[in-house]
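Next come the structures, one after another.
Both of the next two complexes hold subunit A, though its partner changes from subunit B to subunit C.
Moving on, here comes the complex of A and B:
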């Protein structure tokens, strides 16, 4: 039993880390600017394709792991400046539709460049194989993936809570006008915030490519669990996203083992229960949004 | 009744009269009759979105689930219970209604962006159900069924494409008239008041949750009717009908035509369905154009076509008035 259970637990941890890091990006962007970023999945996919292209061109995986998310974030920043800025302060539906349109374009562009079938991405040799834990083994790459994502999320937490700029970001969520009046350029703030969210998505995308496959729509498979994670964990809470992500990742992983037919629907059941007993989410603050 | 309102009603009646000659005009322009049916049934479903989005101010993003439930409901009634045309239609509408009844209590917990997120997520539940439970729904491959004969008193016989159009047209007229009556009623006016300031409506002693619940259920009736008609038109139901991409299409065509206007969904559906068809015959990469279209609409036509026309007329009528801003 334990031989079967242990890999599923590690798999659940990894899935949870994916959901959490995507959810944190979504939540950051939603909290400050009120934008539901439907293109977030496309940024994930883009990160994956960037790293695929780099590795195919001969770059080592480690370089791609750092460079691909940065490139993805740069693309995100350009789109934020060019297209999304006029929509801040308007009905959230407009930015939702805009990012939805972006995701449609992105999917098709990926299809034109890299083909509609997935491209094979394998983990670097150093991470293949397993870590032996007594009588059973867990895959190294999954442990590595979860660890990298947790480190990235911790770094983000430190940035938001231990630097002056992070403080301003959090303050802007409370009262953007006051922050602007005190002399912070809120447009830059929005941009940095969006860039951080996309950076995290790009990183998750690079790691997801070898674990969950890479095709023009693969990022969208993480988008819906991430939305559910935001709702379960609570809007605007890093801790909530982490807890929600792990809860959902573990649940899906366990359901895959015991009751595979219900694995997709299980996270929605969790969401429904959370909404009934705690509408603001596990760690959400009341009144931030609706 | 103001002259502007009378002109609006006349224009609406004129549109309905023109649509009555749909197959004939379509033949002239070389457009398939089934294609025109698709436009009308899409517009019926978009009316539901319009009620929530345009009149109540709720960013609904899971309406494809209701549409898909309509199609699957009709299909299952035919496939497993050998239902007739009218019964299949009713079962489809009922399926969407029950679906809405299940998710509405959850949606009511939140407003604004959260409402959008919740409707998106709960809509996906139905997508996964259709996708997973392949014993019943046929899974990814979808579910094929026949189009049964109509057996409704004196009107009976096989439903041809032309007949299908006139059934859809008749229901569209019913839908648009009922919609007009709803948004003019005290109930509809309360929804508009909720859009403007829900807190004040609450202070007036009205239970806004209850109004929104009824709004969602009415939207489900329109969505389910549109979906059931679509299933009967295609003789087919498939999971992508319930997917959030489909929801996005409904929201876009509502906003493109003009959210908060009676005929906005029809205008949006005409442009959207026909535009999609034209572009997809030119290039397989039509999604790029669809996406660009989304972006152009959002940035260029925030009030939609009918909304912009309405504004222009209002400006010409009252040039002296200081420029007012939308609430």
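Moving on, here comes the complex of A and C:
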């Protein structure tokens, strides 16, 4: 059993990084606009499908890795402008129901375009195989996903903390009315924020499609771990998304080692415990979301 | 600006609703068909992880309906179908079965994919007094301890699948098995079958890891497999979980050192895998391009394949065959009994020999209502053949049903068919 600990710890970290990559976009959107984006999984799927279509058309994976999230973000922006915008400022249930409806529509649209069966997606040759860590191997695609997460989080942190626009976004989270009174167009801020969140969903979708199956509902299957990650880490916190993801990944990995049947439910137990002892999550700011 | 805060309670409620909600179908009440029509109810998933399989079964069912209607229907009545989404939920399956019978006046039910739903719909059909033809739920219990007079099954039982493949797998790959099992009726039933095989030939099952049906990422399980170094990894999961498990096994490089196989593989799932993850020896229930399965040129099976490809522009899977056979037999029983009365039609089916879209003759065993037909073993061909990229299996053997299913005497210990007086 002990010799299995090291591989499971490493796997837990990789799994956690994967969950965090899925959760960041969700957290970002929730943070500023208060939108509980039930279509986040659908944007993930769309990112995967865009990537699949590009690679099938002859584009290199590396091009798809960049272009697919951008295309996904463009779709997200169009939806934000056309459908989400009128709902800002209303009860969050409106946007929740809207995004839930969108996810159902998206599932059917994907089914019409790409068929109900899954499509075969390969990781590029450079990311196939594994990296040897002595007695065990870690899949290269997992390590790559973790590396992309680090890059994405660093870029996001720099954007939010070192650019004027990012500072405005953060200020808007604190007090939207004040920043609007100071002359900032908050509608544009919302749009950029939503687009960023969807961009990250698209990126996670490309990475997920390289590791797991891709079908019309595959992104939705990752939505629950993403929600749990956000709640555990603390709503609206980038560091929280990372910490939540790692905690959930590590818990599932360890539980698989000792009690596999409870591996999936263990994340909900963690969530319940966190909510009992620290209701705002590990790194959530008190009062931010009531 | 109005308050836009999101309470934590809302988030939690949302999260809970999301789990249930993603399978919510459009529930549209339908207007009853004309009295002259013969309505048959379909309980199949159209959403969720088994939606693809439901689609293929319904496609096969539609072929059978078209064939019968082209011949003038059944007792002069045009066959019509009402389809409901079981949402991959046993409780929903029961609701939909009741709706189909009580509201749409269906005289028989056909479905499902998920074994748990097959069991629940079987029970519902029993209380409603209509025939239920289990097209694709494999767990032993359907024709075992939960058998009843009105339930018949087309697809193979898990016992048949494990006993058709277990001996062969042990011979090829040795006797140190690691099993990954989906944690529901179907998975447990398969595992029990392999335990029986293991006892008979001395296989050491070094681990049996239960996988929750909602799990998507298999990496923690595969990490354990990597450490355990079995002579064979058996994957019992189906659908999206099969795809994820095989794809991640390829990422871990497991297939290079540990052979992979199992009791059942579906063409739909293999098509969803990239070539590097298409590996293994598996049980196959029906295959469109093997003389062992569909016979020689000109056979009913070959004609079905040609007609299916023409109609749907794709290759039929075993699910398509299940659907076709299930509907064909339900309608045949009504034509034979000259009635839609469930008792009469069920009795007509028992032990009645028939030929269909597979090689050889079959029948529904009177003692448990299991359809007795051969079980195949196949090896995956990652890139198909030069002339047919969809030809992903090489069928290497067929096992007669009576050699791989429990005997009538064994079944009698758990199943007694008793008709209502």
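We adopt the following convention: the second predicted complex is superposed on the first by the 277 of 290 C-alpha atoms of A that agree within 3 Å, B and C clash if a C-alpha of one lies under 4 Å from a C-alpha of the other, contacts with A are read in each partner's own complex, and residues count from 1 in each chain.
One rule holds for everything that comes next: a contact is a pair of C-beta atoms (placed from the backbone, for glycine too) under 8 Å apart; a residue touches a chain by one contact, two chains touch by 3 or more.
Values in this document were obtained by computation on a predicted structure and should not be read as measured data.
Upon superposition of the two complexes on subunit A, a steric clash is found between subunit B and subunit C. In the superposed model, A:7 makes contact with subunit C only, not with subunit B.
In the superposed model, A:229 makes contact with neither subunit B nor subunit C.
Of the two partner chains, subunit C is the only one touched by A:15; subunit B is not. By the touch criterion defined above, A:257 reaches subunit C but does not reach subunit B. When both complexes are overlaid on chain A, the residue A:121 reaches subunit C alone and has no touch with subunit B. One of subunit B and subunit C touches more residues of subunit A, and that partner is C. Shared-chain residue A:83: touches subunit B; no touch with subunit C.
By the touch criterion stated above, A:103 is placed in contact with subunit B and with subunit C alike. Applying the stated contact rule after C-alpha superposition, one finds that A:112 touches subunit B and leaves subunit C untouched. When the two structures are aligned on the shared chain, A:217 is found in touch with subunit C, with no touch to subunit B. For the superposition on chain A, the stretches of subunit C under consideration are 110-118, 218-226, 290-298 or 308-316; the one running into subunit B is 110-118. Taken together, the two complexes place residues 30, 34, 36, 38, 90, 92-93, 96, 100, 103-104, 107, 224, 227-228, 230-231, 235, 261, 264-265, 275, 279, 289-290 of subunit A in contact with subunit B and also with subunit C.
Per the touch definition, subunit A reaches subunit B in the complex via residues 30, 34, 36, 38, 83, 86-87, 90-98, 100-109, 111-112, 224, 227-228, 230-231, 235, 261, 264-265, 268, 271-272, 275-276, 279, 289-290.
Looking at the complex, you find that subunit A touches subunit C at residues 3-4, 7-8, 11-12, 14-15, 18, 30, 33-34, 36, 38, 88-90, 92-93, 96, 100, 103-104, 107, 116-123, 128-130, 135-137, 139-142, 176-177, 180, 211-218, 220-225, 227-228, 230-231, 235, 252-253, 255-257, 260-261, 263-265, 275, 279-280, 289-290.
Residue ranges of subunit B in contact with subunit A, taken from their complex: 53, 59, 61, 106, 109-118, 120-122, 124-125, 128-129, 131-133, 244-245, 248, 251-252, 255, 285, 287-288, 290-295, 297-299, 302.
On subunit C, the positions that touch subunit A within their shared complex are 1-2, 4-8, 10-12, 14-15, 18-19, 21-22, 24, 47-49, 51-52, 55, 183, 209-212, 214-217, 219-221, 223-224, 226-227, 240, 243-244, 247-248, 250-253, 268-269, 271-276.
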